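Multiple structures follow.
Below are two complexes that have subunit A in common, paired first with subunit B and then with subunit C.
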Partner chain A sequence: MTDTSDTTARPGRRAVFEAALRRRSMRIAATSTAAVLLAIVLLVPLAPGWEAVKKSFFNGPVFSKTFPGLLDAFLLDIAIFAWSLPLIAILSLVVAICRDIQRPALYPLKLFATLYTDIFRGLPVILVIYLIGFGVPGLGLPRPWNSPYIWGSLALILVYSAYVAEVIRSGIESIHRSQRSAALSLGLSSGDTMRFVVLPQALRNVVPANMNLVIALQKDVALLSFVGPVEIFRQAGVYKSLYANFTPYVGAALIFLIITIPATRYADYLMHKRRRIEQ
Partner chain B sequence: MKTIVTALCATLVATAATAGNDCTAGKTLEDGVLTIATGNPAYFPWVIDDAPETKQGFEAAVAYAIANEMGFEDDAVSWVRTSFDEAIQPGAKNFDINMQQYSITPEREEMVDFSLPYYTSAMAILTTATVVEAVGDPAPEALKGLLWGAMAGTTGAMMIDDAIGPEKDILLYNDNTDVTQAIQAGQIDAALFDLPTALYLSAVTVENGALLGQFPAERSQNPDQFGILMEDGNPLKACVDAAIEALTASGQLAALEAQWLAAATGVPVIE
Partner chain C sequence: MRTMLRLAGVQKSFGTHHVLRGIDLDVDAGEMVCLIGASGSGKSTLLRAINLLDPIDDGEIVFDGVDIAEPGLDPQPIRQRIGLVFQSFNLFPHMSAEANVMLAPGRVKGLRKAQLKAPVTELFQRFGLGDRMGHYPDQLSGGQQQRVAIIRALAMQPEILLFDEITSALDPELVAEVLDVLRRLREEGMTMILATHEMGFARELADKVCFLDGGRIIEAGPPAQIFDNPQEQRTRQFLSQLL
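So, the complex of A and B:
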């Protein structure tokens, strides 16, 4: 604290020592990573069942025969994802705002929003998809309104909106009360306060958390296959029973990773950026 | 007391060890016991009431016939349950033979072993009476316009595209119950099943259920033959094949089929 000018001028003993320490830990990290990789590459094939596992999970011919079909089926996943996401954004925002309602007259809305998030966050996604995907069309709706695409997507939208609404609500609550008081004292209505003061900050605060949910949604789209649509997971299952081989699942996993790894990295980047701004 | 129990166990093992014939000696998981796997649950009419040990149902009856032919008495047969995935996964298996309407295909044959076929199934179109009325004659052109479904992983699912070539994407489901639910909810018009399953579902499960037609068992393309699944390279295959051959030759297999899977007449045949 007392004398920093010395270290900025030329590397002091401390800086030299720290640089050496950094080099040393880099060396250790590289060596241990290499050792682990080498152990995996050398030891796994030594396992007695490796040949059988390789034939069942990493089968080249089966992979090349099924991969194009899997890519094709993945388009359906993307489509479901694409039409669900905007609806989730809208519904979750509405629910989050309802939960923040202060006026006594509108209390039923608040109660409804609370019940909604409690119920749909408490149920397994797959159960909701089954109940809504099969149950509602079972009421006797005419075509095309009984389509599993519609009701399956709705189930996904309901569940994910509950999660996203909670995230948005935490964002809203993170905005200090004094900001609302200040906005109100400037003459803004409570609606305008929400719209122009609270939400812009709240939503920005929760972008990283919501990115995680977007990634989870991307994967959970596959659950729609339970009510009929032949998307990538189901297509992989069909190939699995056709070839009596699990390689198509590995293919499907690769396709998912191609999408989700960049998305995860992007979420991490956003979170990092957020932290830097806050500091 | 302990010694008596030990002695009892010893005698039990000793007597059990005499089960099986020359062919099967030392080839089963447990000496003198044939462990047979079936589905969980096992469906009618293949196994009645999900209780294969009662010998009720076509596959249960055939399983005991094969076991007896291989020299295993009824009480030397032990049942386990597996899913399709467990049956094809690499590694040690908990069954000697697995019997749950596995269709023999060349692709599957590369990964697992199949016995000789014990049944050749016609494929039938399960639907509702309303759809049958609307379609009328089950001509291939009329079938294209329907919304099709099937149970994923069955031959039915694989056959729809080849045999019918529907205009709209087919929908696939996890099990029979889900397919019937989708028919009931009007999400699909028709589903393709093996004939015995379709007959059962149309008569019992699907409200207002009906069969629109059947693809004959002896069709030239992809006849749907059921075989017993065994681990790739299982030495027991020769014994099972010999037993099935003997049962086919003696007419016992045909008799069991007539007993459990009759009533397939009257369903219009699609050429």
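So, the complex of A and C:
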């Protein structure tokens, strides 16, 4: 008994060796990172146009004058994102389920869902935003139905639902056939089998993949600026013209990164955790 | 004895692979029938066919006087009366053991949780899992998972239970606890068909043993006859390979 408690208290040969290895690779990583950073800091200012770039992109006074306005405009991005997300969740789920239909009577639904995903995954997002964002209000609809907010958001919802639906469908297909067999053998209907057995597992499996799409959506909201809404990207453009300076774009980029970097890290963490569970 | 299940000329192919080539079998109420034979002899396919998971190509499956192999028949109400337990347990990993068991009675028979609580708890206790109801499948041993799978099938109160090599995926030391469950069900008079490699168990408890080879029942009879005095060359060969 005393022997075992001794070995747990003191690290074994392997642990000592691995700790030394870890320390060595940390040292190498730190040194090389420092060297690269130092090179950038020393070399970039030596470029002939550095002074001009610094003045038009990293201009302190312009930054502090425009940043609060950019933050304000960003609230509109968040609002568009927030009302699009639940609609994407619903539409993509419906499309994914339609694509899984096996009953011949419902074949038109399956065909329609397949066409839908093919079309909207095959088009550039910006093109869909132009076509719907300018096209539909062009019909001369009365207010508020000619609002670019509505039709621009709809374009985003249609495109992203197609991607999310495909991710969900891959999740549905990843659930082993034996799970369906087990549910059906108990006398459950195929609808209940999907709802209670297949979908809950499938959706859980695709959370990390969908997190990446959510991050992409958050950035693509900026594309709506092309059809009207004065969100952060357009606001930055306004400031650019006003001050004849590009610093507002750098400010806008910073605001996006503050949101997207933590979200990306979180998605990676989820993906990593899932891989560990599966092993 | 009342004949509960009668198979006549059952045929099944997967593509060009002819898996069942004319199976005839009678199962009486309260009887325990064991299917033995090498892997690929058609045992699993036969059980899945009876449960209507793999519809047969030709022949009859008469269950309680009705031909359930009739093409176009709604399989759902029939599956509720015929339980199937799988080799790989197939518990739903996102549900607790209790939720696994309650799902089908709740959805299919429309019973509420409160109504199910008492009978389901009693089932768990009867098979020694009273303290495991809240556990998820990955928190249970293989033997415990398979017992939960049996409880899940029993909760639908089936008239006949099919077992597809339910101990084959288990570590040797966990086989006994699952076989004990079968022994209990046998005593309670449950009608059962087992595909199994547990020859000792088949000899001890089966009323009838069928030896399958190449999609046919080569030889059928009481265990004493099949194991001690097999008439067919192929049966003798199969059994001698096991020793």
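Note that in this section the second predicted complex is superposed on the first by the 261 of 279 C-alpha atoms of A that agree within 3 Å, B and C clash if a C-alpha of one lies under 4 Å from a C-alpha of the other, contacts with A are read in each partner's own complex, and residues count from 1 in each chain.
Assume a contact is a pair of C-beta atoms (placed from the backbone, for glycine too) under 8 Å apart; a residue touches a chain by one contact, two chains touch by 3 or more.
As the structure is a computational prediction, the values presented were derived from the model and not from experiment.
Visitor: Determine, under the contact definition given at the top, whether A:Val197 touches first (subunit B), second (subunit C), both, or neither.
Guide: second
Visitor: Taking the superposition as given, does A:Ile40 touch the first partner, subunit B, the second, subunit C, both, or neither?
Guide: In the superposed model, A:Ile40 contacts neither subunit B nor subunit C.
Visitor: So, A:Leu21: does it touch subunit B (first), subunit C (second), both, or neither?
Guide: neither
Visitor: Looking at the overlay, does A:Leu186 come into contact with subunit B only (first), subunit C only (second), both, or neither?
Guide: In the superposed model, A:Leu186 contacts subunit C only, not subunit B.
Visitor: Looking at the overlay, does A:Ala253 come into contact with subunit B only (first), subunit C only (second), both, or neither?
Guide: After superposing on A, A:Ala253 lies clear of both subunit B and subunit C.
Visitor: Report for A:Leu127: first if it touches subunit B alone, second if subunit C alone, otherwise both or neither.
Guide: The answer is neither, since A:Leu127 touches no partner chain.
Visitor: With both structures fitted on chain A, tell me whether subunit B or subunit C touches more of subunit A's residues.
Guide: B
Visitor: Give one of first, second, both or neither to describe whether A:Ala244 is in contact with subunit B, with subunit C, with both, or with none.
Guide: A:Ala244 sits against subunit B, while subunit C stays out of touch.
Visitor: Which bits of subunit A are touching subunit B when the two form their complex?
Guide: Touching subunit B: residues 49, 52-53, 55-57, 134, 137-138, 140-143, 146-148, 225-230, 234, 237-238, 240-246 of subunit A.
Visitor: Name, in rising order, each residue of subunit A that touches subunit C in their complex.
Guide: Counting only subunit A, the residues touching subunit C are 178-179, 181-189, 192, 196-197, 200-201, 204.
Visitor: With touch defined as at the start, can you tell me which subunit B residues reach subunit A in the complex?
Guide: That would be residues 84-85, 88-91, 105, 107-108, 110-112, 149, 152-154, 157-158, 169-174, 178, 181-182, 184-188 of subunit B.
Visitor: For subunit C, which residues are in contact with subunit A within the complex?
Guide: Spelled out, the residues of subunit C in touch with subunit A are 48, 51, 53, 75-77, 79-81, 83-84, 86, 88, 90-94, 103-104, 107-108, 152-153, 156.
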